[in-house]
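What follows are several structures.
The two complexes that follow have chain A in common; it is paired with chain B in the first and with chain C in the second.
On to the complex of A and B.
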C-alpha cells in the first residue's frame, strides 16, 4: 500500500472513530459556537438565493420544521405531519398536521398556516387547508412528494410584517444577515428540547479564519476544505468527514447544438484525469464521479466510467475538423475550483482541445459545486435537473415497486447524462472539525448536521 | 383517498385473554426454550430466491435463452460465501430458463453481474454484452436485512444476551411475562405494545398509546414494572407521566400527568427516585432513601449492592462519577470507565449479585460488563459483552434475574432489546 493511501486510511479511521456516539448520556446546557463559510442573506426557507448566500439546510431545519423528514437511509419519517395519504394517481396528497405545535411567536401551527407556507414555497401547487390537514395537488404524478417536502425550502414558516418565524427546535434570538445568527433552544419543542441552550453561528468566514477560531477556542465547530481534510487530521484535529456527496461537474451553458459539438464534449469528458485530481489536488478528499448521484446512494454509479482515456478522447476530437475555443468559468473566490479548472484545461489540451479559464459570469462551460440535494435519489435527480435547467426525470409507474427502484433511477440518470449538458467530475466529502467538548455529533450520509442532538461536555444539567 | 403511506394499520387483536399460568418451574423452562429458539431464528440468512429469479428473468428477457458466460462480482457487504451461493443459484435459475453455459469463445452473451448496494437495498446489476453492441443493463433491488451477532466470550462469569425484540423506533423498556404462551410488553415513545409467543414468533396482541400533553424530552427514557396484581398487570413510567396497565380483558392502560418517583429497585430492594421530566436524569431525590440518605447528586441510573445487613446503592451520576451510597456516606469513584447506565443482577455466581455497567468509550459499538463490588471497589468479573451500537437503556427486571439492555444499532439505525443474564463460568 502506498504511503498516501495509508495516510488516508488512517484519516478515515480517525474520522469513523470520532463520528461514533459518546457512551455517556447527553448533558443539557451550554452555548454551541459555529463558524461557517456561507453568508446567507435571508433566513426565509423559501428564499432561494445563489449558493453561499442561502441558509444551509442543516441550519434552516433548526428554525423551521418540515412536514416530513428523511432519515439517514433516505426514508420519509413524520415531522410536523404525523401521517399522510395519497390518491390513486399520486397527484393529490393529504398531510395531517401535528396537534399542539406552536410557532416561536406562540401562535399555533394550523393547517391554514401550513397551507400558506407551502403555497409561498411552490406557487405551482394547489394547497388547501382542510380541518387538521392540508391537501397538496401537484400538476403531475409525484410519488415522492413526502421526500420533496423534506427539502429545507419547504420548511413551514409564518410570515408577517417582514418577519418570518418557524416552529423548529430553536428560535431566532439575533440575526445579522450574512454575519451572525444566534438561536435559543425552545423548551416546549414537540420533538424534545435540544440539549444545548443556544447556538451562535459566525458566517462568511474563510476556512483559514474558521481554523483560527477553533484554535483560539472561539468556535466549537468549523468547516474544513475537502483538500485540507487530511492535513487537518495529521495536525491532530478532531475531524469528521462525510461520504462523498458534494457534486463537482462541468456544466455547458447550452444544449448540444450539433453532432460535432457532441463529439467535442465527449472528447473533453474522456480527457479529464479525475483520479489525479482526487489524489493530488484533493488529497483524496473525494471520489471520481461519472454520475450525479454517488455510488453509495444508488449502487449503480460504477457502471459509468470515470477513467481518463486519451486515445478515445483524441479520436473523438479528430472526428471534428475545427474545434472552437471554449471558455471555462469558475467561482473566483473558490481556490479549489480555480485549481481544478486549470487542471481541466491542461487535460483538454492533451486531447487537442483549447479551454480558456475565466471567472466571468458568462462562459461556455462553468465548473459547479452542488451539495447533494436530498437522500431520496429521485428527488435529488429532480433537484439537480431543476438547478441546471435540464428536463425533469419522467414519472415511471415501475418506481412504485421496490425491486425496480434502481432500474428506474439508472434510466433517469442515464437520460440526464445523455443530454451532454454536464460532465461529472468528482463527489467531494464535506468535513468539519470539532472541539473536544462537542459530543453526540450526528451527520447524515449527505453531510447534513443534527445540531439539536449535539451536547457539550461542559454543559450543566 | 386510497391508502395510508406512512402509518401502517394496527394489526387486529389476536388474543385478549390472559391464559392461566403454568407451574413456575415448567414455565421458566418453557420461556428459556423459546428464547433460545427466538435467538436462533433471528440469525437466519436473508432469502435471496426471489431476487435471483427476478434477475435471471430480466437477463433472459434482455438476451434471450442462449449460450452465455456468467461472471459475478461482489461490490457489496455480502460475504464471499453468500456471493458464491447467489452465483450458484443464478446459474440454476438461468439454466431453468433455457440458458446454456459454455466456454467464453462460444458464448453468444457475456453477462457480468455486480452485487452492489445503496442506502436501503442490495442492488444487483447485470451488464449483458452481445457482440460489439453496447452492453444492456438490467438490475433488481431488494431490501437489506439486519443480522444480529451476539457471541459472548468465555470468562470466569459469562454474560449472555438473548435478543428479545427489535424495531426502528426507540425502545425504552421490554418486559417478558412468564405465561403460557409467553407474552412481552414493549414500551416506546408511542405507548405499550403487547405480543404473544406463537410458533416461535412474537405476534402482535395490542398497542395502547401513552397520552401525554407535554413533548417528550430528547434522549427519552422510560421504564416498565411488572405488577401482576389482581387486575393490575404493569406500570409504565415516562418523563412526567405514569401509566397503569390493566389486565383486562380487554387490556387497557390509563395514563396520568405525574411527578411521582420511579421505582428504580427490584422486588427485593425497593428504592424510588424522582425523574426530571424535561431532562434525561433522576433529580437525586430518593424515597424512602438509602439508610439516612434521601438526596444524592443527579444521576442517570442506579444499581443495588446487597450487603449482609443493608443494601448499598451505586449511582451513575450526571457529573460522570460513580457514587456509592452506603446509607451514611457518599463515596465517589471517578475513573471506573463506566458509562451512564448501570443495573444490578442476581446471578447466583460469586457473591450472588453483580452490577452490570456500560462502557464509557466512544467507539461505534458499546459493551456491557459485569462487576462485583468487593469491599467498596468494583472488580470486573466477566469479559465485556459487545453490542453493535450505543446502549440506550439498562434496566433490572423485577425479579433481578435478568437485565434488559436496549441497543441503538449503529449499522441499521434501529433499536434492539436484549435480555442479559450471567452464568457461572469455570
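On to the complex of A and C.
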C-alpha cells in the first residue's frame, strides 16, 4: 500500500474519530487504559533520562501544567501563565501566574513555587518571583522562551520530601517506576475536569504485548510501530497516525577529522536508499528525511536531497584511497532500528564502504530516533542540537523578527547539516490503535495526545 | 659381585622381563581393542549424523515444500510474473512464514536471483542472492552457507520452485546447523561431536560448534581437511594428563557445488583406555614387585642351597691361603659341588703331606747345613790345635829344650783357639736362645741415636779408615711399642756389618721416617755392595760373606724384626753400597695387652 493511501486511511480514521461526538455526546466517567513502550523511571518533568526511560510529554502534561502551551501551528498559548511580557533585548521575561490554581496536594500555585520549579528545570536561568508573576532572565536573547517553556520538562512541579506533585488535570494515584502509572482526574482543575475518571498506564510493553492487550480488551489505547501501521489497518484495527514527526538519523560520534573523512560521510549519505527503507521496511510509515525538521513543519525540507545517488557516492568514496571500517550502532532492543542499520550497511557496501553493525554503546556512528521536541521550529532545532551535542543554532534576532522564519531556519538547519555530524534518514509517523469505545481522541501534529479530552463510550444510546 | 647376587639378579630380571612382556602384550591387545571399538563408535556416530542430517533434511524439504505451496508464495509468484517489484508487500512474509514453519532461514528469490523477502536478513530485499545454487531444482536438503548481517552461518537447506506464469520464484529455506542440531545426536559415553563451519579461510575458533576446550588445538586437523578435503584423524593432547587425550576424527561436509562448507568432528576420549592401561600397569607393577620379592626370597633360598658349598670351599681356600692347611670342607652332596669339595679335601690333605715332607727335608737340610757349618767352624780352630799339639808332642819327643821353647807359644795358641771355639759355641747358643721381645713405648729415634753414640768410638778408631756417620731422623716420628734392647741389638748388628763393609772408609747413614702407621729405619753404607745372589741368601742362617763370620748376625736381626711384626729388606748393587730397610708397626695393641 502506498504512503498516500495510508495517509488517506489515517485521515479517514481521524475524521471518524472527530465525527464520533456527533453520534454520541461526551460524558464523564470511566477508566482509560493505556499500554505504552516507554518505561519512565521518574515522573519528575525536570529529570532528563535517556530515550525510553523518560516520561512521554503527553503523559507528563496530564500531571504537570506548563506556563505556556503551543497550539497546532506552534504558536504559544496561555496556560498556567495567562500573559507574559518581554524586554526589548529578549533576555528578560515576565510571566504572570494564573490565580486560583492549586497543586494536587491542595497548596496554591504561587509565583515562588513556579520560580523554584523553573530554577530546578534550568539552573542557567535567573528566575525571580515577583508578586503574582515570575521573572526569567536568560544569559542570551531568547525570543522563543515561551515556546521553550511549553516543553514538558518545564512543567511546574512542587518538590517536597522527594515527592513531586503537579497542577495538571490528573493527579498521581499510583506510581510503579517503569511499570505502571495510575492517574485520577481532578474535579477542580482550572482548565476543566477531564472526561475520564482515571487513566491506567501499563509501561514497558512491547508492541506485540500492546497489541495483544488491545485484542484482549485489557487496554483501550496502544502504540503501533511505524512499520506495523499498515498491517494494523489491514487487520481492521482503529489506527490513528500522526504526521511524520519522529526523526531517525545517523549521528557520527565525532566531528569530521579530515576532508577525506568528510568525503566518506558524503558517500555514505548518498548511498542510503531512504525510499526503499520507508516503503519496504517501514511500510510507508514515514517519509525520507534530509533535514531535522519535517517538511510539513518548515515547508523547505524537500529542498534537501534524499534520493540515493550511487554514482556520486562511489565517486566520493573513490576520492579516498582507503576507507576505514566504521561501526554502526543501534538500540538492540529496537527491531526496526536493527533492520534499518542492516539496510544502511548493505547500501554502504554498494558504495564501497564497510559498516559493521553493532549494539555496543561505543561506535563510530549511531542510529538515533528522536521525537519532534516542539512544534516551534527553533526550539525543536535547539533541542536536536542540544541532544546530539551539536552547536546551538544562532539566532539573528533582528532577522528573525523582520523576515519569515523559514529562511532563517533553513540557514540554521543547513549549517547544522554541513557539520556532517548527522545524516538524516527518515521522519516516522507515530500511530496509536484505539479500542472502539475511545472517543474524543485529539492529537497534535507532533503526536502529542490530549487524553483529558478523551471520553469512553460505555454502550449504545 | 657374589655368585648369590648374580643369581638373585638373574632371577629378578627374569621375573621383571616376564611381567613387563605380559603387561606390554596385554596393553597392546587392549589398545587395539579400544581402537577397534573407537572406530566402530565413530562409524556409528557418523552414520547417526548422516541419518539425522537426512531426517532433518527431509523435514526442511517438507517445510519448504509447504511454504512453496502456500498462498503467500503463490501470491508472490503471481506478482513477480506480472512484473511487480513492490518489496514492501513481501518484506515481512518470509519472517512470518519462517516462524510459522520453524525454519531459521527462508528467502524468496526471483528468477534473476534477486531477494524478494528474507527472514534472516530482512533488509536484504532487492539484493542478489549470492549463493543461489546453480540450476536450483527441487530435491533433497543440502548443506549451504547463509549470509547474515553479522557474518555467515551453515544451514541444512532445501530449495523449491514456485512457477506461476513465465517467471518462477524460488523458496530457499533451511535450519541452522548449530549447537542444538549437534545436541540432538545421541552420543555414546566418552564421545562428542563438533561441527566446524568452514565459512572462512583457515581456522577460526568461533566457527566451531559444540564443546571444544582449547579449540586452537583443532586447527591443524581442520586445516588438513580444508587442504585435502579428505577424512583425517588426530590425537589431541588437551592437557598433560594422558587421560585427557582425545582421538578426533574429521569428516568433510560438502555443499551442492562440492564446496567444503563444514567439517564434522567426532571426538572419542581415550580416558577409559588410559585408565585401563594404567590399571594394567599398576597390576603389572604390583605383580612385578611381588615377583621380585618372591624372586629374592626364592633365589636367596636357592642360591643358599647352591652357593653354600661354594662359599664353604671359598672360605676353606682362604683358610688354606692363610696357612691353615688342616681345613676341611664338609661333603653334603654327591653332585659336582660334592666332587669339588672332595677334591679340595684331597688337595689340602696332599698339601699337608707335602708340607710334612718339605719340613722333614728342610729339617734334614738344616741339620746338614748346621753340621757343615759346625764342621767348618770347628775345623778351623781344630786344625791349629792339632798342629800345635803335634808340634808340642814332636818337640817333647825331640828335645825338652825345644819343648820348653815352644811351649808358651803353643799353649797361647791352644788357648786362643779354644777361646775361639768357645766363642763359636756361645754364638750358636745365643742364636738358639733368642728372647721374646718385652714391648714398651719406644722412640725409635732415641734407639738409633744410642746406636750411633756407641759406635762413635769405633768409627773414629785409627785402626781403620774414617767412616762418617750421618743421622737423618724424622722429627715427627711416632712412638711405637717395641723392645728397645732387641732393637738396639738389631740396629747395632746392621751398623757393624755396614762398617765392616767399608774397610776403605765411607759414610754410614742412619735414617728414620714415618710411613703411614709404620716407622721405617734405613741403615745404609757406601761399601762395595752385594750381588743379587748374595742379597737373596743374606738372611739365611749361617750364610756369611765375611771371612770369619758365623752367618747368624742377620738371621738374628731378621728374627728380632719378625718378632716385632716388622719386615726387613735389603737394596744393594755392587759398587753402590747396601741399604737395609726395616719397617716396624706401632704394635700399640701389644702395649695395651702387656700393660
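Quick notes on this structure:
Simple rule for what comes next: the second predicted complex is superposed on the first by the 427 of 461 C-alpha atoms of A that agree within 3 Å, B and C clash if a C-alpha of one lies under 4 Å from a C-alpha of the other, contacts with A are read in each partner's own complex, and residues count from 1 in each chain.
The rule is simple: a residue touches a chain if its C-beta (ideal position, glycine included) is under 8 Å from a C-beta of that chain, and two chains touch if they have at least 3 such contacts.
Bear in mind that the values here come from a model prediction, so they are computed numbers and not experimental data.
By the touch criterion stated above, A:357 is placed in contact with chain C alone, chain B being left untouched.
When the shared chain is aligned, chain C comes close enough to touch A:280, but chain B does not. Between chain B and chain C, the partner in contact with more residues of chain A is B. By the touch criterion defined above, A:342 reaches chain C but does not reach chain B. Of the two partner chains placed by the overlay, only chain B lies in contact with A:190; chain C stays clear of it. Of the two partner chains placed by the overlay, only chain B lies in contact with A:406; chain C stays clear of it. In the superposition on chain A, contact of A:445 is made with chain B only, not with chain C.
Those residues of chain A lying in contact with chain B across their complex are 16-18, 20-28, 71-76, 78, 82-88, 94, 100, 146, 187-195, 295-300, 302-303, 375, 377, 402-407, 410, 445, 452-453, 461.
Across the complex, chain C is touched by residues 1, 231, 276, 279-281, 283-284, 339-340, 342-343, 345-346, 357 of chain A. Chain contact summary for the complex, chain C toward chain A: residues 86-88, 91-92, 121-127, 149-150.
Per the touch definition, chain B reaches chain A in the complex via residues 1-7, 51, 54, 75-76, 114, 116-123, 125, 127, 137-143, 213-220, 276, 278-281, 298, 300, 318, 320, 339-341, 358-364, 366, 390-391, 408, 410, 413.
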